[in-house]
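Order of writing sets the labels: A, B, C and D. Residues in every chain begin at 1.
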Amino acid sequence: MDKLSFEQTIAVLGAVADGLIASKDELTALDAALGDGDLGRTVERGFKAISDALQTNEEADLGKLLFKLGKVFGDAAASSFGALFGTALRKGGMALKGKTELTAADIADGMQAALDALIELGKAKIGDKTMLDAIHPAIQAIRACESTDVGACLRAAADAAQAGAEQTKTMQSMIGRASWQGERSIGQMDAGARAIALMLDAAARKVMSDGP
Amino acid sequence: MDKLSFEQTIAVLGAVADGLIASKDELTALDAALGDGDLGRTVERGFKAISDALQTNEEADLGKLLFKLGKVFGDAAASSFGALFGTALRKGGMALKGKTELTAADIADGMQAALDALIELGKAKIGDKTMLDAIHPAIQAIRACESTDVGACLRAAADAAQAGAEQTKTMQSMIGRASWQGERSIGQMDAGARAIALMLDAAARKVMSDGP
Amino acid sequence: MKKILNHPENYVPELLSGLLAAHPHRLKSVAGDVHCIVRADAPRQGKVGIVTGGGSGHLPVFLGYVGAGLLDGCAVGDVFASPTVDQMYHVTKAVHGGAGVLHLFGNYGGDVMNFAAAADQAAMEDSIEVATVLVADDVASAPPERADRRRGVAGMVYAFKIAGARAEQGGTLAEVKADAEHALANTRSMGVALSPCILPQVGKPTFTLGDDEMEIGMGIHGEPGTARGKLESADAITDALLDRIMADIDLSGAEVTVMLNSLGATPLEELYIMYNRVLSRFKAAGVTVYRPYIGRFATSMEMAGASITVMKLDETLKALLDAPATSPFFDNGQYL
Amino acid sequence: MKKILNHPENYVPELLSGLLAAHPHRLKSVAGDVHCIVRADAPRQGKVGIVTGGGSGHLPVFLGYVGAGLLDGCAVGDVFASPTVDQMYHVTKAVHGGAGVLHLFGNYGGDVMNFAAAADQAAMEDSIEVATVLVADDVASAPPERADRRRGVAGMVYAFKIAGARAEQGGTLAEVKADAEHALANTRSMGVALSPCILPQVGKPTFTLGDDEMEIGMGIHGEPGTARGKLESADAITDALLDRIMADIDLSGAEVTVMLNSLGATPLEELYIMYNRVLSRFKAAGVTVYRPYIGRFATSMEMAGASITVMKLDETLKALLDAPATSPFFDNGQYL
């Protein structure tokens, strides 16, 4: 399909939430290796709050919904990731205001707005070993996607994000808690980048399983 | 022999000190079971100080020497046992003032004076599961000793003290730290009583090894 | 052994010289012995001197309460061991300002016998009038009919505060003694231990507790308590301590001050969780809290655990509790 | 898990309600949320408000420094976790007395981003002027050329004290901010960890250290340090911390205040043993101590370990350090 309907988008968001909650132990372990080991808990709290908000949603504008979910996420899990990802959702929502369905290009636009906001708020650069290093290649993959099928483009985005997360193993952390590890951070995967890859993977799976 | 000469008495005191220092771990373990586990350290410090004082002794009056050693012991190890045993030595010394050699009866007299002082200071009774329960039968054994040989009488005293220490296993502790164990104290040997038995045993061995 | 130290044998002299160097305006040592610590302004003429003493390893107890409105001097022993008669005597002599000296300390055999000898010596050699009050507040350590046999734990801090205030106000030796006794007659404590501490010179714990165990009623040197069992909830632990305390002293309708004391490793956060339960139990019993003291007042080095102390108040005790008091380890302003 | 608690998930709300019930004359919560704590007399008209915030599990940090001559409010997060933007905003609003608000807190990503959003909200919705000062005193966490990336540890207590004194004296927002920055420019810290702590909701340590190991430079949430190795002597540990601090700031001939801080389980006794070494190192470098702060000022629950903080003084900082300050967790009278 070349568009995600409103209902499909809600279903995809729900699947992302479930997928990340299921992966919390992996994220905790990755964050413990480089930071303080609370990312699993952050993601669990944040996505649980998003799940709950989706159950009772009455907002019909997808942009406004994402904006609201950003606030919900940040309030539920006020860590670095929570503040950053909450802001990303809000800014992505602002870019998609008025939409009731999403093309692959819309998704790329929303993610680009989110990325810009993350850079402004978090002051990290691409290559600093953060979630940016998963988001950035994912956007490029959607832009480069020759199919009009949203599922196929999300699959490409997820694969690029995972490749980006793998790539963080070679980087030295330059920002946030993990930067205190200095050179010891080299060799480990960034937990936030892995979280982004898991989100896009869950989204792609959900869209593909719902058929073209 | 029916008297301990001045030099023999000094040698016996030295042997007692060495013997008790060698037994410190046993005493620590016994005190740990019922109290706070510091008796080994108390005995080590106290008898080390006595050893040192004996090296440099210039006092020719055995009574005055014991009095001085009592103060040395109490200052070196200011625990319950240290305060009590230091006082016992002082009061025993006062009873033996003027002596330059000791018969078995003298030893019994000194020990009786010490026992009286312990009861006055510590407020314990015979049967309260303390060192009194080793000292009391030891005095009785010397008084009952039919030999005039100091070594034989000390042997009898040591055996009686050890029997008394064994007997404390059946008692409930009524005083000091161990009394906080209440009924749980039954079955364990009192550490202070065992220390007295060890002292008398070391004394008896030393006298016997020096021959009659 | 997870301790920051140099030579275990020098633990106490090293910590004392660090402490004296840190607080020269407040404290000094006498008789050339760092174990003999008195207020920098001792002796204070005309004021009753108050002296305590006991083993090291319990900071702020004992010497942490030497200060204005508190104690005048402290004889410091080795870790968990009594100071010597001489040390007690020197401190007594150094704080005597002509109005006599109160010996106020915990009911432990070595301390009791040594303080008795020191008091005799001060009377004999220096004609100092010495009175003695023993702290025996731990209800877990003996039944009511043998209350005189109980050991002294965190309740001594209330005794220091009350007696210290009276002495600072110019009370006579008899008055200071009477107030200390009055405070203690109204004070009860009980504690729980979750993990042991390690004596520096021994290098290993004197007792062990399983990973999921606690001992209710344990003393501050690891003396046995009333029950060892599985670690329970904060509410259940608080109930176990309060049940025993409230069975020992009638608090119904009373106004009290309550002290929640960490034995060392237990964080303040957990004391506040316990305090919730204390308040609901008190509410049910019609007990009101005049003022809580929550923190580390009497510790056992790095032992994990906590104790609760209750002092039933009347107008006299309230006024003395409110009086100013300050030392390098305690400032009553924090609790007002 | 050797903790006194009820339900791990309720750890923070339970401790906060116990704490608010214990100190009603001093503290209150606002916005119907126990995580939003301010002085009982907030807002104080005409006075600059000072707000901090951060995770729980560090008492007295953070909320323990809400008090007279100190901070006006604190947003409290879950254990080791940032409070929310809303909580920070509500506290900011509640302490605003017309003279603006300083946000003064540790340099941790979540806190930085959330405080920034809260400051925007306070400016947008209530026209409150907010200034921000980050505490980044831990020399172990980044080299001098990246000093802005360092984390905030016990040095924040000096920043609270200095800024709080200036605000109490009627300083403007710009003055209070300048003094906080001046204090921090002269403050450096570094710590050592001997054993980990356990997050109540996690139930196991986030890192492990061998029985004979320590980690020099570790942060107060268990963040990695500069070197892990065998446990060394108190003197060697003190040297390792001071070497790094004194390489980062020139102290020669300076007058300083020094804070020896236990991370929780480490007893005060050990801090005084370290203080001996601090003094001899300072003596050799011509550094004099104006006044030491020795105790538990910034902890990590039951973690064993210690930190050293040095603040280089001038007449301004000395006067502000001496100013009265009192909270239920800190009374400056104790250190004078």
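Throughout what follows, a contact is a pair of C-beta atoms (placed from the backbone, for glycine too) under 8 Å apart; a residue touches a chain by one contact, two chains touch by 3 or more.
It should be emphasised that the depicted structure is a prediction, and the values quoted were computed from it without experimental measurement.
Separation between the centroids of chain A and chain C, computed from CA atoms only, is 56 Å. One simple way to say how far apart two chains are is to compare their mean CA positions; for chain A and chain B this gives 79 Å.
Chain B and chain C have centres, each the mean of its CA atoms, that are 33 Å apart.
Multi-chain contact residues of chain A (touching two or more other chains) are absent. Chain contacts in this assembly form an open path, with each chain touching only its neighbours along a single line.
Chain pairs that touch one another: A-D, B-C, C-D. By the touch rule above, chain D contacts chain A in their complex via residues 77, 80-86, 108-110, 113-114, 116-117, 141-142, 149, 151, 201-202, 206-207, 219, 221-224. Residues 32, 35-38, 41-42, 74-75, 77-84, 87, 121-122, 175-177, 179-181, 184 of chain A touch chain D in their complex.
The touching residues of chain C, counted against chain D in their complex, run 2-6, 11, 14-19, 21-22, 56-57, 59-60, 192, 194-195, 211, 231, 233-235, 237, 264-276, 279, 292, 294-296, 299, 301-302, 304, 306, 326-331, 333-335.
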